[in-house]
Amino acid sequence: MSVLSITDMSIALPSGADRPFAVKDCSYEIAKGEILCVVGESGSGKSMTANALMGLLPEGVTVAKGTAEFGGKNILKVPEIEQRALRGDRIAMIFQEPMTALNPLMRIGEQIAEVFEAHKRHTPSERKARALDLVREVGLPDPEKIIRAYPFQLSGGQRQRAMIAMSLALEPELLIADEPTTALDVTTQAQILKLILDLRERRGMAVMFITHDFGVVAEIADRVIVMRHGEIVERGTATEVLENPQHDYTKRLLEAIPTGLVPQSVAVEKAPALEVRHLKKTYYTGGGLFRPRRDVRAIDDVSLTIAKGEVLGLVGESGSGKSTLGRAVVRLVTPDAGEILVGGTDMAALSENDLRAARHKVQMVFQDPYASLNPRQRVMRALTDGPMAKGVPKDAARARARELMETVGLGADAVDRFPHEFSGGQRQRIGIARALAMDPELIIADEAVSALDVSIQAQVLDLLRDLRRQFDLSILFITHDLRVAAQLCDRIAVMQRGKLVEIGPVSDVFLNPQHEYTQKLLAAVPGGGWGKAAE
Amino acid sequence: MSLWSRFATNRAAVAGLIVLIVVIIIAILAPVMFPKGPWAMVQRPFLAPFGTDGLPLGTDTLGRDVMAGLIYGARVSLLVGLVSTVMALLIGVPLGAVAGFYGGWVDEIAMRFTEFFQTIPNFALAIVLVAILEPSLTSITISIAIVSWPPVARLVRAEVMSVTRREYVDAARLAGLSNLHILTRQVLPNTVSPIIVMASLMVATAILLESSLSFLGLGDPNIMSWGYQIGAARTVIRSAWWLSFFPGVAIVLTVLALNLIGEGLNDALNPHLTRKGKS
Amino acid sequence: MAIAGTILGRLLKAALTLFAIAVLNFFLIHAAPGDPAAVLAGEAGAADEQMIADLRAQFGLDQPLYVQLYRYVGNILTLDLGYSFRQGAPVLDLILERLPATLILTLTAFWISLLAGVALGVAASARVGKFTDSLITGTALLFYATPLYWAALMAVLVFSVQLGWLPGFGYETVGSGYGGFDRAIDILKHLILPALTLGLFFMAVYMRMTRASMLEVAQQDFVKTARAKGLAPSVIRRRHILRNALLPVVTLAGLQAGQLVGGAVLTETVFAWPGIGRLMFESLAARDYNTILGVFLVSALMVIIFNIITDIVYRLIDPRIGQKA
């Protein structure tokens, strides 16, 4: 008994796009009470399907052919007014970015009650009462207060709960969730996934869950569809697809996922590449004439060492201070107190001028491949500016740049191109080459693979592993993703609210976590159980 | 797509460019076309337009050729518009760049200063400045520059702030480059597009300001300008409408042309802002 | 509480700004060529000895510069704006007498331009790319390029001289003996052309801003959420898009206040509207610097007050301001 049945659906992109169809000849069904995961990397067309079902396709994008049977009607063909009647009532949708998906100027309660209003249900006071019930049902704290709050007063997870409350208002038969947990921290993600599973249980609604993350699939899916370039390449039950993938693409995607198989630490030399001692950094906000000053302890007395040739993973959720720590080590942030010893030099104590001369000792690979290269400079400039500033002759610097581009697998001739000619993964390679060009004693990789699709992520991680062997690199690898950390690192340090709560060899931290927070973090990793099963 | 071909897709902008080029040519050729200059009395006063050979736009209250005045007026408008905009950029760009790049108390002081100038009604300030410095081409240009730089400073500050936050600027710091090098080579080149767009609109505003000052009698007494022509004809509007009509049309056309060019540049230089419906 | 704090903060800032303008005025007088006392009295030679002696006393020109500054600023802060020798009256009295006319004119022009600008901007954005949009945008561009004073002259020419529909001169019919309601109607008739021509340029500004802002907000995620709820397009436009789109327009309206007051000088000149702008124009010809600077100061004060009001309005619309952690 299927709620939704899609047959031969194709969605045409406007002329001039990189391919004619966003989605091509797709057919699938979703049964009542079932969770179907639509999986794919960016550009696979997975979100377009959802938009088409909701009648929310961007301008210029049209349904070229096919039907979507829902409640006895082809909802791709019904007039806009009927489609509007379906939206929010029988089909509801939640989105990826909870921070921007709510109207900043309306109270949460008003925004939920609006769903009833749109479909002319209940009196205004009943609407308010029901909004309160919904807020309670999705587990938001202090419901009475929440419905009067504005979105900016809620955290990301709370906003996503509010979005879910809104989507549940009229008990839809189908809920479309478009990457609803991608923007959230891992512990919050776990809570939201659990909420969706609970609601499915209680309400018996069908869920179409769009995601790029096989961990989430393992956690939540009944059935799975894998999409690539707009076509379905694999389908089946969750167990079938995860444990016995047929298509090469699915296999590669699954292989690319760090499985939670914990590698044994490599023995490292004892001489430290980096020693951080009692580092502190506090940020003050507000403090205007009429506002109280607040302080956030971003780094709260942290000490750690990285041995020569070691990769230390620094993990934590957003706001844990892990990025601030990374930026303090390279002195993009000046710490309030403490020492940062790199090869005997205290980076924290250097004056502006001495610092400039010592900069080359620590280099950084950044998160955003689109913002980390100057769009107006050729790659050659990016790779030679630094070495030349520290006194390397121009010819030597240029020769080295070509050599490094070869090393990171882009070819020496690529130095003459501009950043926009490269893909995201390639840009990350350039970023790595730029860091290596300075012959640093330590590299900080700040979420260096987080913005990449999973298959690209795997390639960049492979490259880092190779380089590490080749150059005996010491790396501080900052990430929010425990699975990625496990793949590359020798030791793991866990941060929470500015404090270092646990540090130890990967196997110890993963298999026998001591701190309560580390345990919570590990438990929240989606697909954790499935990863272990594959061991 | 090249910059020009993107600009050329906006037909109104191309039309604006053509009008502007014509105005520039006329301004350059003025002494050739009217060697006697704009002040010479050529006929009896108050001749209506289209009536007399050689005087297509008629004569003014003192028997001067309206057409000649119009053509010489183009020189003043363009010159004041251009020079005052360059001066305003010379004040606003460095101030905004330093404020946005260094932040903290430098930013605080620079922005309080800018805000102060923005609070002062700018046309009133321009009047006061010209009146006190004695009306002349120089004082008019300086006054317009002084009242026009605050928006430049704010724009540049915002752009520099946003570029400075990008990771390639962090990378440049880590490369050991000096602040000056980072600001001038890494940051500022990435803020030129909006500055160019703003500058083209500022020339238009400066022309309006200059004509308004001249209208009030605060123009350089030795130089014929469109605003002066209208101001001098204000009291005879009932009997000689053409004296204020044609210079006004000239102003509207020139300013409109510059605004259209500004919009075209905006579309051509910031293509991501105009693309719609992407998701 | 938050709003009370805001007002207090803004008043403090306003006082500082006013103080700075007083200082600026002082240096402007000293920057003018010639003896400051002679400058203030009008052109040297035109003023008699007694006047100049009075002014010297007022400024204490024999005193060090900082004492002069202290006295001058002190005078201004106690609302002593000096004496107009040309008009034979204290500058403050001259201004206060003319201020109501300017307030009526600028406030009317402001509301007309804001309401019409927003309405047209919304209309254009709702039909983006269609004929209505092109028509509205094109007209706005034209107004945007038209000098205020020229629009005023042309309006006089057409509606007053040619058609005879509306008076093109003055604040009310002189010697009509109207009282009460009739007088109000008479003033209103006189007000129409000045207010409309002063408002045209600003209407174009607000229209362009509203249109751009509406289109930008329409692309945001929460609008998609609203559509996913099944709300009707008209509700989405009003409740979700417009409210958010108005925020930058309010900011702009505050910034434009200064221009509006400045523009009034031109409009009042053309229409012989007896406000402070006209007073400034008359003083220009008479080189009555004391009065010019006085009008300048008062118009700056008007802008400051206007900015405070905009700030409060902004806070009422946007819950995020002043509460962010």
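All chains are identified by letter, namely A, B and C, in their written order; residue positions are counted from 1 within each chain.
Operating definition for what follows: contacts are C-beta pairs under 8 Å (C-beta built on N, C-alpha and C of every residue); 3 or more make two chains touch, one makes a residue touch a chain.
None of these values were measured; they are calculated from a predicted model.
Participant: Among the chains, which one keeps its Cα centre farthest from the Cα centre of chain C?
Facilitator: Chain centre farthest from chain C's centre: A.
Participant: Tell me which has more C-beta contacts between its two chains, B-C or A-C.
Facilitator: If we tally the contacting C-beta pairs, B-C comes out ahead.
Participant: If you average the CA atoms of chain A and of chain C, how far apart do the two points sit, in angstrom?
Facilitator: Comparing mean C-alpha positions, chain C is 50 Å from chain A.
Participant: Distance between chain B and chain C based on Cα centroids, please, to the nearest Å.
Facilitator: One centre to the other, that is 22 Å.
Participant: If I count partner chains per residue in chain B, which residues reach a count of at least 2?
Facilitator: As it turns out, chain B has residues touching two or more other chains at 276-277.
Participant: Which stretch or stretches of chain A touch chain B in the complex?
Facilitator: Going through chain A, the ones touching chain B are 51, 58-60, 327, 330, 332, 356-357, 359-360, 362-364, 366-368, 371-377, 382, 385-386, 389-390, 431, 434, 438.
Participant: What part of chain C is in contact with chain A in the complex they form?
Facilitator: 5, 8-9, 12, 220-222, 224-232, 235, 239-240, 243-244, 317-320, 322-325
Participant: Please output the residues of chain B touching chain C within their complex, sorted ascending.
Facilitator: Checking each residue of chain B against chain C gives 116, 118-129, 131-134, 204, 208, 211-212, 215-218, 227, 230, 234, 237-238, 241, 244-245, 248, 251-253, 255-256, 259-260, 276-277.
Participant: Touching residues of chain B toward chain A in the complex: what are they?
Facilitator: These residues of chain B touch chain A: 166-168, 170-178, 186, 189-190, 276-279.
Participant: Which residues, counting only chain A, touch chain C once they are in their complex?
Facilitator: My answer: residues 54, 56, 84-89, 92-93, 95, 97, 100-106, 114-115, 117-119, 150, 152-153, 163, 166-167, 285-286, 288-291, 294.
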